[in-house]
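Look for chain A in each of the two complexes below; its partner is chain B in the first and chain C in the second.
Showing the complex of A and B:
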């Protein structure tokens, strides 16, 4: 039936490269030639920056003292200690210490740990000295009230240390350099159940051991403190962090708290190595006008072989939130506009395919490229990188402007490592990119703009808003941010949650239930499944 | 590459509707093949199946012996225009052609060439959303020509065209066929194809009911019919019926006679002295041939969807 023909009048044309590259070029041409889509992506970037700056610009910090002119901004910041790892730390406690030269060890028995705390709004413990710090305080320990042994580079805040301690609610712990925390024997300390603690220094290594009876010792852990001076300060300490009660309510949460004190009783103090004969010196670490030592109480009392040390404060990383000793900001606070930018990105990404269905253009596309899976792949590889570039530009600008704004207002932007900063910025851009791919896939599955945009926003943006706006209780918010694509916003969290610091670790405070990359992986999983379904349906359905 | 379209036994069902019911035909190179039938007869569905856009439940459609979906850079094998309105309104005509060219590894130069061929030079940089239907048809033709394909398949390309455009389109289709290409053009209006198509595939109720050259089709439809004008209809009817003709009333003073040639009618009437003032052999128009062929299909459609049988 068929007859071969020759068409000599048509010039021989080199066969076009039937590669994926030409398909990518076609989809890129499609994207850039619809002005609305290009404008939409630019709007996404602008909205992201503006919302971020608006959020940062809505707070202003001022401070003043009677008899001195009011100040604002950076002048309000106290001295901020930085730990060996570069993080901002709290380093205030009562220290009963002696210098220790070279190797040596110190052993002690703890027989009691008790506490007092101020609750409510009464300015207890911060009144004039004559009134006494303890007036009106209630008895009770904080979970992280701590007392024990510490070996510290020097008495300056933020210097390297290793400590072994009993705590109010977390048993025996070994902690070092602020962020490290090892768990030992659980349970509370009492005269009936005392705890023996020991710290041994050998070179840069400090070993912590514990015992119930002073005979059988268990090694709890070792701390490497590189570059530790030959002579360090070693001795006993007590600290007790801010008492905090958080009451969530619809649309937010309120946090009330006050200072606390802890008192520990030590005996059987034993040392080995080269210790001076001068005896113990007591000192408040982090006191003074600009210090962060919370109360005026603190001291020690020595009688016979017994030492009683009372102290307040904490030795721990600073955690953002109401309990922080000074106004803090995180780098990601300037990126809160990401959700707004995401809405625009989702709309454009969805339209990138649903517009073709609406006009019947999809048939032209699939007639030109019958391998349908590749069409979707090419679209994803265009819209994803476009969203990434828009998000990256917006994140960099928002971060630079936001950090400057925050500094001018007197908030201290918590420093993070450059790696974390790259992760937060590039992660925000990647979040937009993968969300765009997810929206595209939803568009291909649902084939209708309104339906696809709605589903994409309800699954990606809405859970995030519900969670961080404290509309939901923390538990429900956490589950939303584990199960929905909004989990990916965890990529923006720059400061880790520290189990050894009591704080309101809620989405509204910037803490996500999943680790950054785990949260991001949840979104990637959704995108992969949706894309797979979209490819399957695109292949199977009539165009 | 053989410039043919072969469709064999296509069947396709959309829910309760049998859209294609054993559709078979072949489109040969070097001629314009008209693809006609009432609305809903399965023309567009057949074209979508040929292009691999819709899957058939049974049967196959081959382009030059190969399924469309196996073609690499398919626009250089088949150029198609299914729906002239399938455009992103905010994209310019030139950019529409440009992305399509990119998908085939073609450059902007080829885009400008087909814009010239379709006569769209002046409007190419305007947004396609502002185009009239006639201009969209030209843009669709330009898109179909991008890959310089040996096979062209156009669905209702005359729709919305002004008379000047229709004349241009006819000449253009003829010249494409003259270059040795296989050109399949669908229409639901036979008159559009009368002076264009060399070959016709007439479809109804999902299958081809005629697949013949234009000349054969016209001859078959004309039959042996003679129009007789006379003032003595009863006598004429009696004389001719005795000679074996079937006679029907064709109007006042007019009879339609079939089964006898015109010369024989004249001689019989003369022999029996029946007066008449005109005897003319009937020449069927393509429209009549088409209506004749599709009567069943149309009646069937009319019963369930009156608007489909226009």
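Showing the complex of A and C:
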């Protein structure tokens, strides 16, 4: 009010200039100078962090065995083997091995694979770990019961390996370093239809081959194990993962499990290369509770040229699920606050356009910049990056503090590669940015803030709730997360699905039906369509 | 427009005499306001359509294949749409107040009816009544859809699933409770809108309050203690306990107790809204 009345002469601007940079600056000024919107974005970041910390902090874990003092927090953190790729792994099996120095190969014929399992409601399944009586176990193989040849760095859990095997329900497979799985000849093994398996080591490369008759061989695949020691442990193995029954209903979490055993019969064992003359050594690798479920020992029996090996457990990545024997947390659990942040971001982004209609400012805006499509583009380019920055800052803080908090509470935060971590964090921020653009477009289409905010929140958040926390069966939940904008939360999934591990991969367990970027693309598609419609209507309608 | 409004006109002189007459006038005024805005009828129709459509879709998407024990609460399943319909109800209730603030109408309203609590009470009565009516149709339609669809999806009487019928005590309770649930959501939204005033912010607060709790409850599943607290005291989780017809003994909160929690939320919101309406300048 105290400024002099004579306005200083501004440097002359070219008449009629409405450069995009100027438009961007105008929109940025609008955003920056409305206190409620700036506060709204800060609130979005804060609630995102706070909700994430609440989720991480509320998971107080207690542990301890009967007869020993109860422990809690960090003392409960289990020792879980880590594979060569940095992922947590299950590495429990019965290993009949010899050291192999340098190059060499091993060949074997498998004539039988049979199994026993404890169903979840029989006491054996939950009974003491170890080689208890087999009473109460039912005969039957698990789909991923496996037996065959393995070459392994050493007998420590989590070391590098390559294996070729027959399985209970998936034919011959070659697997290496826990996450890799190659399919070979399908069908079950029997005395009438035996399988010949061969592993050959040359340097860091291990080649797996299979044959039906021992004469005509098919190369199944090669595994590159960089830095493999000169002397490795090689031999025969048998493993059998937990028996699992899952129902596709109510979160799909009614899984019943019990330990299982598999027994394989081998003969025609042949070796080439430098093997010791001492003969075979049998050992349980990783007894006790291993990875995610109890393991029941094993053993082997040699008679003539015939070897019978019994084992339990699995050689595979750990898949988190309702059946996990130890409390785990995924990094995305600390980002659950993104839902709260999203709601605040949607409110601000909607107001960014609807407030112009309410105040009549839209007419001034359009008079200043008659090319209406560019106005909307400028608004999107302001609100999107603002939401991204707020989301990124909140996600980084929530993840750092959340992971520390969860660890202190005794939850095992599943390790992921830094690339995955970057994808989850940046993806969460990008999700907020695209949701803001979607909300902006809806606001321009509907012009009413209440309706636009509701449509945005209901289409992004409600399908997730219906999929994760409602009575819908897994199949319907999967479809919801394929078709609706809620699919974008797949970008937060840090642990992949592994076809070689039987588990319930349901939305309520944190597994989305679409790949991370595909899910994110669904939201982008919705935002693009809404923005296109908004531009069209902004041009066609009177403001 | 040239028709006189006898009720409203008669109410004016009485307003000075009796409190109830003043409330009657306020009721009339609110009814006229809400009735003559074109959005109201569309939102009511949308509430019904959203509830029935989502319920029918959820029911049709669920099937009970032979040989599997299906642990499905069919009444709750066929009322899934209430989770969606409540969002439309929230819009209706929020707009009943926030549009007055955005257009400046609130000053006219408060000039005509200076007792501010009467204004809020009248709005609550009218919006609540309308939502009860629309909710009844929506819930009845959802149950009808469930009744028609469920037997074809494997939920047959032969497998222990009774045909949905209001003659069944728990189903009647779930249905009537769902209607009340929607009305309480309207009151909760109204109270929040009276406090927040801005429609976008108010609807954001309402939907955040409703929808965030189930997500957080799913994440803290590792801690039954906190999960149970959320299931008991969050408005949507507690309120929807009224829809359960099976496994009642394992519910974190009893059906009517849950609806009571939601009623407490709604009462608290209305109280806060009423206080702020009295204390602040319009």
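In this text, the second predicted complex is superposed on the first by the 494 of 543 C-alpha atoms of A that agree within 3 Å, B and C clash if a C-alpha of one lies under 4 Å from a C-alpha of the other, contacts with A are read in each partner's own complex, and residues count from 1 in each chain.
By definition in this document, contacts are C-beta pairs under 8 Å (C-beta built on N, C-alpha and C of every residue); 3 or more make two chains touch, one makes a residue touch a chain.
The structure displayed is predicted, hence computed values, not measured ones.
By the touch criterion stated above, A:476 is placed in contact with chain C alone, chain B being left untouched.
Applying the stated contact rule after C-alpha superposition, one finds that A:344 touches chain C and leaves chain B untouched. By the touch criterion stated above, A:30 is placed in contact with chain B alone, chain C being left untouched. Looking at the shared chain after the overlay, A:433 reaches neither chain B nor chain C.
Once the two complexes are overlaid on the shared chain, A:462 sits against chain C while remaining clear of chain B. Set against each other, chain B and chain C differ in how many residues of chain A they touch, and the higher count belongs to C.
In the superposed model, A:454 makes contact with chain C only, not with chain B.
Contacts of A:366 after superposition: chain B is touched, whereas chain C is not reached. Shared contact residues of chain A with chain B and chain C: 36. Considering their complex, residues 1-4, 6, 26, 28-30, 48, 51-55, 64-65, 68-76, 80, 82-83, 85-92, 95-96, 98-100, 102-106, 143, 148, 150, 179-181 of chain B touch chain A.
Residue ranges on chain A touching chain C, taken from their complex, read 36, 40, 51, 54-55, 58-61, 247-250, 254, 327, 329, 333, 336, 339-340, 343-344, 346-347, 350-351, 354, 358, 411, 448-454, 457-458, 461-462, 464-466, 468-473, 475-476, 479, 508.
Residue ranges of chain C in contact with chain A, taken from their complex: 58, 61-63, 68-73, 76-77, 80, 83-84, 87-88, 90-91, 94-95, 98, 102, 198-204, 207-208, 211-212, 214-220, 222-223, 226.
Those residues of chain A that touch chain B in the shared complex are 1-7, 9-10, 13, 15-19, 22-23, 25-27, 29-30, 33-36, 355-356, 359-361, 363-371, 542-543.
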